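Below is a structure I'd like to ask you about.
Each chain gets a letter, A, B, C and D, in the order it is written, and its residues are counted from 1.
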Amino acid sequence: MDQPKLMIKKRQTLADQLYGQILEQIVSNLLKQGERLPSEHQIATGFGVSRPVVREALRKLQEDGLVEARRGVGSFVRRRPPEKLIEFATAGSVAGLMRAMEARMVVEHATARMAALRAGPKDIARIESTLAELEASMQARTPSVEADYMFHRAIAEASGNPVFAGMLDSTRSEVEQSIDVAQKLTREGSQERIDTVLREHRQILEAIKSGDSEAAAVSMSYHLLQARQRVTDHSRNT
Amino acid sequence: MDQPKLMIKKRQTLADQLYGQILEQIVSNLLKQGERLPSEHQIATGFGVSRPVVREALRKLQEDGLVEARRGVGSFVRRRPPEKLIEFATAGSVAGLMRAMEARMVVEHATARMAALRAGPKDIARIESTLAELEASMQARTPSVEADYMFHRAIAEASGNPVFAGMLDSTRSEVEQSIDVAQKLTREGSQERIDTVLREHRQILEAIKSGDSEAAAVSMSYHLLQARQRVTDHSRNT
Amino acid sequence: MDQPKLMIKKRQTLADQLYGQILEQIVSNLLKQGERLPSEHQIATGFGVSRPVVREALRKLQEDGLVEARRGVGSFVRRRPPEKLIEFATAGSVAGLMRAMEARMVVEHATARMAALRAGPKDIARIESTLAELEASMQARTPSVEADYMFHRAIAEASGNPVFAGMLDSTRSEVEQSIDVAQKLTREGSQERIDTVLREHRQILEAIKSGDSEAAAVSMSYHLLQARQRVTDHSRNT
Amino acid sequence: MDQPKLMIKKRQTLADQLYGQILEQIVSNLLKQGERLPSEHQIATGFGVSRPVVREALRKLQEDGLVEARRGVGSFVRRRPPEKLIEFATAGSVAGLMRAMEARMVVEHATARMAALRAGPKDIARIESTLAELEASMQARTPSVEADYMFHRAIAEASGNPVFAGMLDSTRSEVEQSIDVAQKLTREGSQERIDTVLREHRQILEAIKSGDSEAAAVSMSYHLLQARQRVTDHSRNT
């Protein structure tokens, strides 16, 4: 997993670095839930960056559900991620992981929908076998990042459009790192959380198997949103 | 609840009547899961209706997840609804309930998204109080159809566009009957199912409160899909 | 057309009245394109309303493309609607028309998509005949609001789900008034604009006829967005 | 442009080859508009491929709007692409171009929506300058594939999520080939068609500039659907 970290670093903008530093203060509870962040001006001065950079970092923290903007008042900490988050990922790479999640929500909503309409018996068998592998590894508390990735990739292949699988592959290192972090957090969690994660995967498979394109698309979106929340909310234990 | 049944009856087409009769045979296990339905020609002759009517009924059964079409082979029973379904609703009205669910999926995906962007403190308070009422009634195993409806209506109002609340109201009798059936099936079910239904409602509220429009929209779609599945799948117990 | 105006009035909130008054100043060029609006505080004091009411009115003007918010600076006039707009509608009813348009975008995106998948020969014939009527009336410069409404309603019926047609009907007065305003503005316009409006309708029909659900949904959304822009942008002449 | 063709060849499945051969017969008018295609069995025997391969090729031709399936009757030619299509692309590569278009519709709907919410002044300037370049090249009847690609890529960058630009780049050769074919067909066309194509691009830019995320997303989807139709419908001249 060294290479992925490298690739993400390469893409790290000033705003993402600032994102990481604010995130670190939230995770370490220096900035407490509900607390007001310093003003844009103070942040810009404190970190030696321009106002647009501050705004971009705050916007992303807001989109990722960590910070809340109240018009005319300022930004407040909304949610504290689990402490382990910045043990499993460097704080600086979390913004990159979130971007990968966002792109997956767009692409995989579509691949799940198309897979429900187009998957043949071989596609279904491939999705099923990757899920069986993922399940075995999770129940043994040695979750396989590769099995998880291959499950999502098998759905992309089942979409009947090879361009989608190519798109996933082009961002594979970020996707795998986001899976890696989520899986490690799940492994530390309760059996109930493991069951929840597996149930979400099975719902996607079931919807594809039964040719229900809307259910497949919604189940996929729901799974990815839940995964994002498991990564960003320390109070969630399922 | 007499009036609603009347209204739905008024709208009952030949195809919906045929839908109800096939449904009855599936629920009563005369047509078993996995079994092939008679051919379009046989159904048309047997029930004395035209081929287009048969096709429409089969298409709706397929869209509702009860029947599966295999190209060039025929239609097969995919899922058996709980027996209680046609105790709580007349078989003839189930097609109408499903149409109400489909329309709600379209409208409420939008109202949840907009509510996350536009809800003010009063809107949030109203959604919260309807949910508290629903929760109390469900835990007491006397689920309130009205509280459930008012929860969804409060979200429509929070969308900032009164036209949506008007649209929900215009189909209120069908919506309430679909809630009524789902609630009665849940009441008969496990405590786990009650917890699941309430968790789905809370997720929608949380997403709206935190201003996350995508999470609000997806959580609403997911909830309505799960509700539909609870109504149509006898093997589901959560 | 008196009754519809009445119904909309009944629903007119303080925010919508304020919306109408600001709109009037934009249309009459008292507030010029690019000019900054008074502050929230000044508007609240000037019109004797609370700050939340001002914020709601400004948010709606922004969503309708008439005003632009620049963070930390204020709100600016973005677009001036045609002067005739407040001749054909009362200023106070424009917010209501825009809400009807927004709701239609949600519902009719879905009805067009479903119609492409489910319309039978009779449905297609009905859509075609309403379009022929609309076309004749527009070419004669006596545009028929009813034919326009019936075109959209025929698509809702072709969706195979009667609940959608019921929803449209429940807001028929607002929908017809929005069509009425758009049609009157078009009638005053160039032959090119008439051709554009008719081409948009034909594209929807063609997509439904050829069973292309994505093209049908996108063509409908595009048509409704263009209609909204024709109503709100005085510089547009096609 | 040799490399792209090579890459697409590498990915060419049996179904895509069959797609190309049927397409060739439609373009050359051996199979006329409205005419019934041979049965699945006849095609399988005639081309020496399995039934699933035939079904996949027919499904894709249907999704691309070239063929129409009538349940229980067979498949019919729906639309004849311009003859030049298989002069500008090899018949075998057209299925690949269509797949690239389909993936772009998913990804660029999202990038346009996000760009409207997040684009800064530099992003807008970049989109504007690529559009100016595209416009100059098209008016001179020497359309620049690169300027067209860079316009779409600049929007992806303006989404604030670098993963999307990476995804576009990962399929750049297919995207550029699809642009190349569309542009060559446009260049051969009327001045009106050139104006139409440029107007579609400008509408996307305007929606992004005015921060209207829904209009941006819909304008992008509409543009890509129109582009697909210009490539597949010989009777279209605008």
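Everything that follows uses one rule, which is that a contact is a pair of C-beta atoms (placed from the backbone, for glycine too) under 8 Å apart; a residue touches a chain by one contact, two chains touch by 3 or more.
None of the values given here were measured: they were computed from a predicted structure.
The fewest steps needed to get from chain C to chain D, moving only between touching chains, is 1. Of all chains, the one whose mean C-alpha position sits at the greatest distance from that of chain C is A.
Centre-to-centre spacing of chain A and chain C amounts to 38 Å, using the average Cα coordinate of each chain.
Averaging Cα coordinates per chain places chain B and chain C 30 Å apart.
Of all residues in chain C, none touches 2 or more other chains. Across the complex, chain B is touched by residues 11, 52, 56, 59-60, 99-100, 102-103, 106-107, 110, 118, 120, 160-164, 166-167, 169-171, 174 of chain C. Chain C meets chain D in the complex at residues 65, 68, 78-79, 105, 210-212, 214-215, 218-219, 221-222, 225, 229.
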